[in-house]
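The two complexes that follow have chain A in common; it is paired with chain B in the first and with chain C in the second.
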Partner chain A sequence: MPTLNYLCPTTSSELKKILKKKKTDSFILAGGTDLLVKIRHNVVKPKEIIDIKKIKKFNEIKLTKTQLNIGCAATLNEIAENKTIKEKFPAIADGSLSIGSTQIRNRGTLVGNLCNSSPVADTVPGLLIYDAKIKILSPTGTKTVSIHDFITGVGKNILKKNEIVESVILPLPKNTKSAFLKNARRKALDLSSVNVAVGLFNKSKKNPDIRIAVGACAPITKRAQKAEKFLKKNGLTDETIKKAAKMLPISPISDLRGSKEFRNKIAHRLFIKLATQLGEV
Partner chain B sequence: MNKKFTSVGVKTKRVDAKAKVTGAAQYVDDIQFPGTLYAKVFRSTEPHAEIVSIDLEKAKKLPGVKAVICGKDFPYHTGLYHVDQYMFAMEKVRYVGEPVAAVAATSLEIAEKALKLIKVKYKKLKANYDPIKGMKKDAPLIHPDLHKYFSVPSINPKPHSNIPNHFKIRKGDPAKAFKKAHKIIENRFKVPQIQHVPLETHGAIAKTDLSGKITVWSSCQSPFTVRYLLAHCFKKQLKDFRIIAPFVGGGFGCKAGVNIEPITVALSMKCLGKPVKLILTREEEMYTIVVRQACHIRIKSGVDKNGKIIAQENEYIWDCGAYAGYGVNIVRAAGYSICGAYNIPNIKGDSIGVYTNRPVGSAFRGFGMSEIHWAIEQQMDMIAIEMGIDAVEFRKLNTLKPGSTTATCQVVTKHTGNMIACIEETAKNIGWGKKKKAGKNNYRAVGIALAQKAPAMPNNATSAAVVKLNEFGGAEVLFSGMEIGQGVMTAMGQIAAETLGISMDKVNVVGLPDTDYSPYEWQTVASRITFSCGNAVKNAAQDAIDQVKKIAAKVFECKAKDIVVQDGIIKYGKKTLPLEQVCMGYQYEDGHTIGGAIIGRGHFTAKDCINCDPKTGYSPKPVANWTYGAQAVDVEVNGETGELTIHNVSCTYDIGKVINPQGADGQAYGGIVQGMGAGIMEALVVDEKTGNVMNPSFVDYKVPTIKDMPLSMTSSFIETQQLDGPYGARGVGEHTMIPTPAAIANAVYYATGVRIQELPVTAEKVLKGLEELGKNK
Partner chain C sequence: MKTITFTINGEKETRDVSESKTLLNFIREDLHLTGTKEGCGEGECGACTIILNGKAVHSCMMLAVEIDGCDVETVEVMSKDGNLDILQEKFIEHNAVQCGFCTPGMLMSARALLLSNPNPTVDEIKTALEGNICRCTGYKQIIEAVSDAAKGGKYE
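For the complex of A and B:
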């Protein structure tokens, strides 16, 4: 019978020692809402599980003068309900809240969502528009990389086998508004057919510092730089927004969740809706 | 009837509520026996192929494996109405997921490992997923032995074809009537296969003891039919089998007939004395058990100048999937109900089942009616619109009324049911004709649809019940209608309490049958239990109370017919006697006793039901009764995304007598939500290259969640007494989901002008329609 080694470090230094010896068939467990599904479907066959939830500081959501730190064991519901995140990073709060059901969000983590690196991940568009930084822990110490360099493919990221994400760092923005919208086949417990986050980082309608990310429409969700630049130059009007919609970096596929035509249309609509809304208020 | 009821018609808490809420209720998987062996099924990975060889040897040698079996070991057939399926695939496999072999081992892990050691070689055959192609003369035969299969008399297979049943209606002279028609309107519709999605997957435990007696614990809707089919399948006596049915976590039709029981029993026969447990995973449940049949539909209607339908052609081509043991009867039910609740004098109707290499089609709440009403009720709106007549008025004009004749020429009477009242009540409750306010960029409107359904059962389907009075003047009520969530235990308790003249809290509803001890019940299907089993319980209670009165008459020295029993008191004029003093015999002061323990027995079989004529479908009474109903849905369409919001649903059913108002409302709400699921999100998708189901889990097979619920639902009931129903009642279990999809589609049309003729009505389809009309925002 297959045996499974379950490790549950309670301090970073203990974890570091474990990571030093970690092999490719050893897996990090946060909420397990992705990992357990993969184990059941035989997509991964772990010999070892490293549960990171018992390390106290990993559970923290911490605010400093310049940034917000989301620990890798903080749950999606804690994030969706966090006052600072709701105020300063609404696209991240709403993205978190849109995931699964209450039960899933009570276990699932934002960092797990990120490390799973699925193109439909609902927190990723929000992280992209806020230029999140990813703090990576390895046996030798920590380093920080940009969210824009983290995901490298469908289900792939830059993490090496003995690295974990310790936290996500969000620089505190000034004068921002943001919003997130998700389209799915039903009103709860469904993966996105399309998800969109849009943020406005200054108060200028003429030269708006707008940031856009559309998910579930490409292997890697990226910022819509062309559309952002176009709007910054040409201002935020109904017409420019419509033009910008055509510049979104999306190349959706057809699957059971929707055809590529449908996804294209919905991506445009959701973006137009959000950009218009943010421009209005 | 002016009599005041004390239990029937009174809002009553479910008698099984406490057991279910506390977790005391046991389901098959909760039953743990020491020494249990765990079963797994080896399934076909081919949609259509000859089996060249099966190698079980390696699996048999794995330590911990106690039995590995395949068709060679048990070359037996099963099938309820049409015996077309081997327990394990023999010469060929006909769908992906078909059982080919099975394993019993000391642990689930070992059983799973053993499956991997089984090797089956196939020779691929061309698979067909399209029933229209399958009907063609030169189509390859999926069942070359169809002409040799046994079917019950009401089923008409076409030898040497892919058609296991063809039901015909030939009423009046449609060709002539079409010539006279003012307008002819013809449309096509489609319904996909969908899944039942019971919360509890199929599960069974079988044990063959050393004496050879076989006990089966099964999550099933019909323990007696399971026993009957097992005895047939294994060529044994009924006494060799004992079926025990614990609580069932949802059936919806997929647990009617037999499913996994034969495999479990076969394994247990190879492991004497050991319980063998087989619980399906959700993935297996999704495509290896049974699903609702798909249907391709064409309706052509001829109307006169006043909007009366004078002729109709209805063609239902059913995708039965790989086997049709149960599905053939859905083909029949759709046949005798061919034009829905409408009075049409000239009809050409064809309901045709066709084998394909898709998952097996079978009974699903509505039993064909949900599928055909999707088409009928849209067709009615399309005619009404063409004629410029309001949809409600059009239906009132054309629906069945006393004096109308149905498709089989059955004459509707004032006792059959009152559809006009259902339509009017529904329209009133939804605010028909009043404009509904839509959000910015959105569209909103109300759609309506009707439903009719009869219990689809053999004409001799029978129910039995036993009522045992006890020392405290209460009663044990025994019957075998299964509690599958619909509230049958409560309803049977109410009927017994009412008839016995005692209060509900004195009734012990013994609802979980054991075929060795419980009275017979054919099946818990067809919305027939309140009607049929309810009658049996009422008759049994009446029998018990008649015995009470006989003894009391001696005590009171009066005639039994002058005695009444109320609130547990036996009354004759001013004289009274507590019931408990008679239940076990009446003892006089000097000690001598008359009478003894009282046991009432009752049964019920619907009278005078006649099989339909195979050439014309004619029958003056093809079914026990009809339940009519109407449903209206208020839908808002998002003009940007095509998404639907169901604001309000109102429905009205004529169910003769509401036994438990709480239960009837529950059936209405549950049916609406299940109908909404089928209406806007559900479809099983088969990859036509591989035969694999593409969405065999909840990741991509969606059913409504609490957040998708209609924002409000109202149900009302009309009570046109069913003359032979218990307290006038007839069934409503399935009817509540029948009209929902068509009502939604009709609402979407009124709101936007987009007509969706293929289920489900997804946002994607609606948005595409909006764009074609230039109405997207």
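For the complex of A and C:
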């Protein structure tokens, strides 16, 4: 590894000063489970590392009356074990729990998963169905953007070089059931060939407020708006679910984790399984 | 170079370390604790597992400077005055060690589990060990050894 300058601010104001001077060869370090692999393979060559974990409030998972705030240093295991997240946002809890292994989840963060912006990221489908908001911190202050505008390409997002994600905000939903499923070659330590999150946000089977996101099947994981609209209009039955499966916005590629045809089939199957389960109870 | 202070296997230490050194290399090369192994160097195998503030983590996926102010345990913490820890004894008894390369990592993952959950189910043991790969034993003996060591729920 080349020589590095390591910075470890302990307050937001200290961090803001550092961000003001941040150059393009300076990288934010959360759990490091993506970044250290990239450094090892010379994909990135940082001159400076900014460790954000020692800022106390970044580690918090905080519930208010209307929303849940997940700080950027909260680990995947803290998230997967959090009672409120398991209850109200199971697609986030299960997505987090499906990542890597115990050791990876003890270090890796949800915000790191999001900022890495890989099409296979397992927490992203959940963030999409809960309409997450992303709180961005820059030297001049904070702003909030929609998750739907955050990821802009494979490994790309809207963050400018002197911005970081401070937290992810999940509005508390009423009357919901939701779930996440992932298909991988083995249970632990494997990236998804397909991952799916589906949520039902009202109690109506006739006009279901259903939200669907299928990941690892396109450069950017997005909500399946066409399928959602179709189901809202035509109700949730075995037949409409099968039809909706054909409307998923997926254009999978073939790679070592599965062929195009395989991914298409698995995406349909996972979606049908989840949508049917949600419609049942 | 940066000066860091941390606890290693119960002893407080202050050291100068290069900012670009991984924790794994620091443990092996600077602290001369060579029980911790490098398999893959990128989070896939678990041979480098250590316990950081009570949690099992990969030392290959961290910078050494990150442990400033932290509590670190390596496999060397387990035996005291030549006496093996119950986990180590049970690994031997159940033939859970063949070539032994995965063993330090396995022991650290198992220890982190038992310290936080003294009466784990088999599923909980499997989850705790899911990041540790063994090319020799086939895992069955390892899981049995951990279950056996946990009996009575008094691991410390």
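Throughout what follows, the second predicted complex is superposed on the first by the 279 of 281 C-alpha atoms of A that agree within 3 Å, B and C clash if a C-alpha of one lies under 4 Å from a C-alpha of the other, contacts with A are read in each partner's own complex, and residues count from 1 in each chain.
Just so we're on the same page, a residue touches a chain if its C-beta (ideal position, glycine included) is under 8 Å from a C-beta of that chain, and two chains touch if they have at least 3 such contacts.
The structure presented is a predicted model; accordingly, all values stated were derived computationally and were not measured.
Undergrad: Just checking: does A:207 make contact with chain B only, chain C only, both, or neither of them? Give me first, second, both or neither.
TA: In the superposed model, A:207 contacts neither chain B nor chain C.
Undergrad: If you stack the two complexes on chain A, which partner ends up touching A:142: first (chain B), second (chain C), both, or neither?
TA: neither
Undergrad: Quick check on the superposed pair: does A:152 touch chain B, chain C, both, or neither? Answer first, second, both or neither.
TA: Neither: A:152 stays clear of chain B and chain C.
Undergrad: Please work out whether A:4 is in contact with chain B alone, chain C alone, both, or neither, and reply first, second, both or neither.
TA: second
Undergrad: Have a look and say if chain B or chain C is in touch with more residues of chain A.
TA: More residues of chain A are touched by C.
Undergrad: With the two structures laid over each other on chain A, which partner does A:103 touch: chain B (first), chain C (second), both, or neither?
TA: Second partner only.
Undergrad: By the touch definition at the top of the document, which applies to A:67: first (chain B), second (chain C), both, or neither?
TA: neither
Undergrad: With the touch criterion stated at the top, can you tell me which chain A residues are shared between the chain B interface and the chain C interface?
TA: In the superposed arrangement, which is not itself an observed complex, chain A uses residues 1, 101, 187-189 for both chain B and chain C.
Undergrad: In their shared complex, at which residues does chain A touch chain B?
TA: For chain A paired with chain B, touching residues are 1, 101, 183, 185-191, 256-259, 262, 265-266, 269, 273.
Undergrad: Where on chain A is chain C touching in the complex?
TA: Those residues of chain A that touch chain C are 1-6, 8, 29, 31-33, 36-37, 40, 49, 51, 53, 77, 100-104, 106-107, 187-189.
Undergrad: For chain B, which residues are in contact with chain A within the complex?
TA: Against chain A, chain B makes touches at 107, 109, 640-641, 643, 681, 685, 694-695, 698-700, 702, 704-708, 762-764, 767-768, 771.
Undergrad: Can you check the complex and tell me which residues of chain C touch chain A?
TA: Touching chain A from chain C are residues 2, 18-22, 41-44, 46, 49, 52, 55-58, 60-63, 65-66, 68, 109, 112, 127-132.
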